[in-house]
């Protein structure tokens, strides 16, 4: 009796580990296949939510879409439960970024029983597509991504300072344009003017609101040239940080020092110190 | 009697210093709190002016907005007076950038008694939001900001040359488009054509004016591709300057000093001080 | 009899080689002339297809355009056959990029007998214009192009990661805008909203769809500023890669070689060869 | 008699030189003043042509504008004659860039007697504003401008290759969109579609033509993201060239070599070689 339970438990443990490897890992064939199928289903489910919002398609294929969405939701629910069950530290998973995304991906469908229309929120499943990075990561992406991350992280503070500055400029110029152009040209209120100012500064330029007075057009021209000029600032920041991250990574990867004169050896293939001629050990 | 006055004066002096620390400093808890509350009130006041310009909201909450604005204006006035009174060199403050901004932030409300509609100018208070940089500066922003400032300062002349060149091109091409397109397509005068040309060169593209003739569209295409190409110029300038500023700062931070003359050694491989010839220890 | 055949064969071989040099080479006067004439005819044929699509011109010059296109198609067919015949390895040519382009350039005209309207596909001939690179290549372009290619190749992975990320953001924000703005403002379905989101993020901004609600305009402003900020990412990537490619090429061109083992010496200050330890002469 | 002529000739020569210094030089007070007044008149004359094209203003101030333009034209003519007369090599001036610009700046007004409406061409005077660079050049601009010129010159070939590539892509995608969207959406012909494609690729986005079919919108999205990505290419090119030009200029200005070990001395203030400790001569 005791032995049977022990055996059952150990069998369960083996099964748990097998499932864990399939679901979380990507090194085995089964794990890789699971990842690819999952990615396909996620893509399909995002596509379905998108198509459902197209009135013509929804009218035609309503029941087909509905049934497909329920099938997908149920498989996602099963997958979510399996992920919790086969994980040794289920709580870590549940409160991780992907854990939360997985949970709120299945929630809207069940909520739609109580709150009609909430099914539309299923589009949040698109966040699950970020898993692709995780899958590719294991192959050869790590270096690339970490370089990108480093550069973006380093330039974050500067970009925030820059955006804050752009917002203050937009508020001031928005108010000025509101006073100059008035309600006839579409500048109906200061918030609308600020919206127009951001549209212009970022060179988007919808044209739903556009200055018509001469003074307004002159100021608009100045804003545009300003926007044209200051687009250089975030670009300059990111580029400089990226170049630095690239340089640093290369240095950290390849450099060694000469044991006799401590000169830094930049060249990967170097066998002798370029400074003192000392023979270098191969790494 | 004399002692009482002296004591009063010294007490006043102590009070003045205490207020000074609260208003101008950010190292004490009270000073930090004051800064945060001030920033909150400024944000609120800018928001109020913005919302007042929205007709629907103004109709509904007119008296509420008006009273709030008066309360804010009076507190700003008190703050302004306190800043003058507790400062040892009041004139320096009054004619400083922030002193002038603080003054013209409260002016429009009082002017609105004599000139109706001038209250709208209160939006200039948005400039007070720049104080945020001052507050954050004291923590850890200095390096970042100074790097940005240096890069922008260094590229200023080049950007002005560039903008001047863009303006001449716009005048010439604007006149050409005015001749080609004529008044039917919206190119009603040379200034309007120049405005269109700037809208196109900066890739904003409102679409309120657009070429309709074939020749006009060909020239417009050329202007666009030109604009696409020359956007690279300011970006290149700022990026190069920024990278240089970054490199310099890094040098200042990381380089070793000569032990005998304390000159900064920029060159990593240096074995002798370039200033006094002292032999340097290897690191 | 046998001799005649052998002579004929050898004469044919000589002719084949002569034609080969004219068609494929650009070192001889005839080869260069052939290339230029071919380029001119390609340009002309692309122009013809373009003009044919303009209704007014087509009505006026229909038969002229039709005859010209048939003349061009027949000369292209002859050229295609000659290219196959005079090439020693005809299959390599047929399945090369240019071979396929050459074939599908002549196909649409012959297909137009069976499928009316397919003649429009002749515009694919524009791809033949890429031959210009081949022609110029032989003069002095190689360095430039390879630098460009290297930089684009190196940044490809990062750009794909970036585009994938932009698409996920567009799907999420598109769905959000669809819910907020509703069908009245033109956001008729999630795919349309995603289209609008990409139009805004890339700062194109047609204005055919534009937010009208306050909340929608606030979110649109955020998207624009975000787009303004993230345009810096691909620019930063390409610039950094390009600068690196440029640096490397410069190294390859300017650096000295070790006299004993001919390894390239990257380091300007090197006094010993890093590969064989040979002492280097100072330049 | 002979003496009088000689004296007259020598007096004329002195006068010629004096005028030459005033007109061509900017080192004397008179020369500087002349330059500034000339620049002011050029600006005024460009402004006049611009304002004349505004119908309302022209109706009101027609005779005033006409008289002013004649006064300006006559002074420009006098200036042009003086420039020829006081120059030792008048032909060099006449056929220089500025000589031709000066000539075609005065031509349109005289032509307007024979060809009505040609007066509008006076806007070409805007090119005379380029003289500002010449004036500033003499003070402290040289370095800046030459750096810009060098970077633009170096990236010219690459930018042309890039633009050629963009054009081929635009032709192909323009034809594709013409087939997909058809005449109802504004894609009336292939040239119009190509125009739309350039408008989209360069992120200008007028919105006068915009895709309405689902497939058209998907392709348009791809074009936009492509445009967003390839805007990085010219930026990367110019930035890399600019950084290189900056680096080279700095090196050329400041570097010396150590006389004993020939190491390059990067540091301007260096008094001792950082490599071998040799004392350096001051420059």
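We call the chains A, B, C and D, going by the order they appear; numbering starts again at 1 in every chain.
Methods note: a residue touches a chain if its C-beta (ideal position, glycine included) is under 8 Å from a C-beta of that chain, and two chains touch if they have at least 3 such contacts.
Chain identities (UniProt): A, B, C, D = Voltage-gated potassium channel.
All of these numbers come straight from a predicted model, not from anything done at the bench.
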| item | value |
| --- | --- |
| Chain pair repeating A-B, as identified from A-D, A-C or B-C when over half of the contact pairs by residue number coincide | A-C |
| Chain located farthest away, centre of chain A as origin (C-alpha) | D |
| Whole-Å separation of chain centres (CA-atom averages), chain B against chain D | 30 |
| Centroid distance [mean C-alpha coordinates] between chain C and chain B, Å | 43 |
| Averaged-CA centre spacing for the pair chain D and chain C, given as whole angstrom | 31 |
| Numbers and ranges of chain D residues touching at least 2 other chains | 191, 194, 203-207, 231, 235, 237, 239, 243, 275 |
| Parts of chain C lying in touch with chain D, wherever the complex brings them together | 46, 49-51, 53-55, 120, 123-124, 126-127, 129-130, 132-133, 141, 144-145, 147-148, 151-152, 159, 163, 166, 191-192, 194-195, 198-199, 201-208, 231, 234-235, 237-239, 241-243, 246, 268-269, 282-283 |
| In the complex with chain A, residue positions of chain C that touch it | 157-158, 161-162, 164, 168, 171-172, 175, 178-179, 188-191, 194, 200, 203-207, 210, 214, 217-218, 220-221, 224-225, 227-229, 231-233, 235-237, 239-240, 243-244, 265-267, 269-277, 279 |
| Of all residues in chain B, those that touch chain C in their complex | 203-207, 235, 239, 269 |
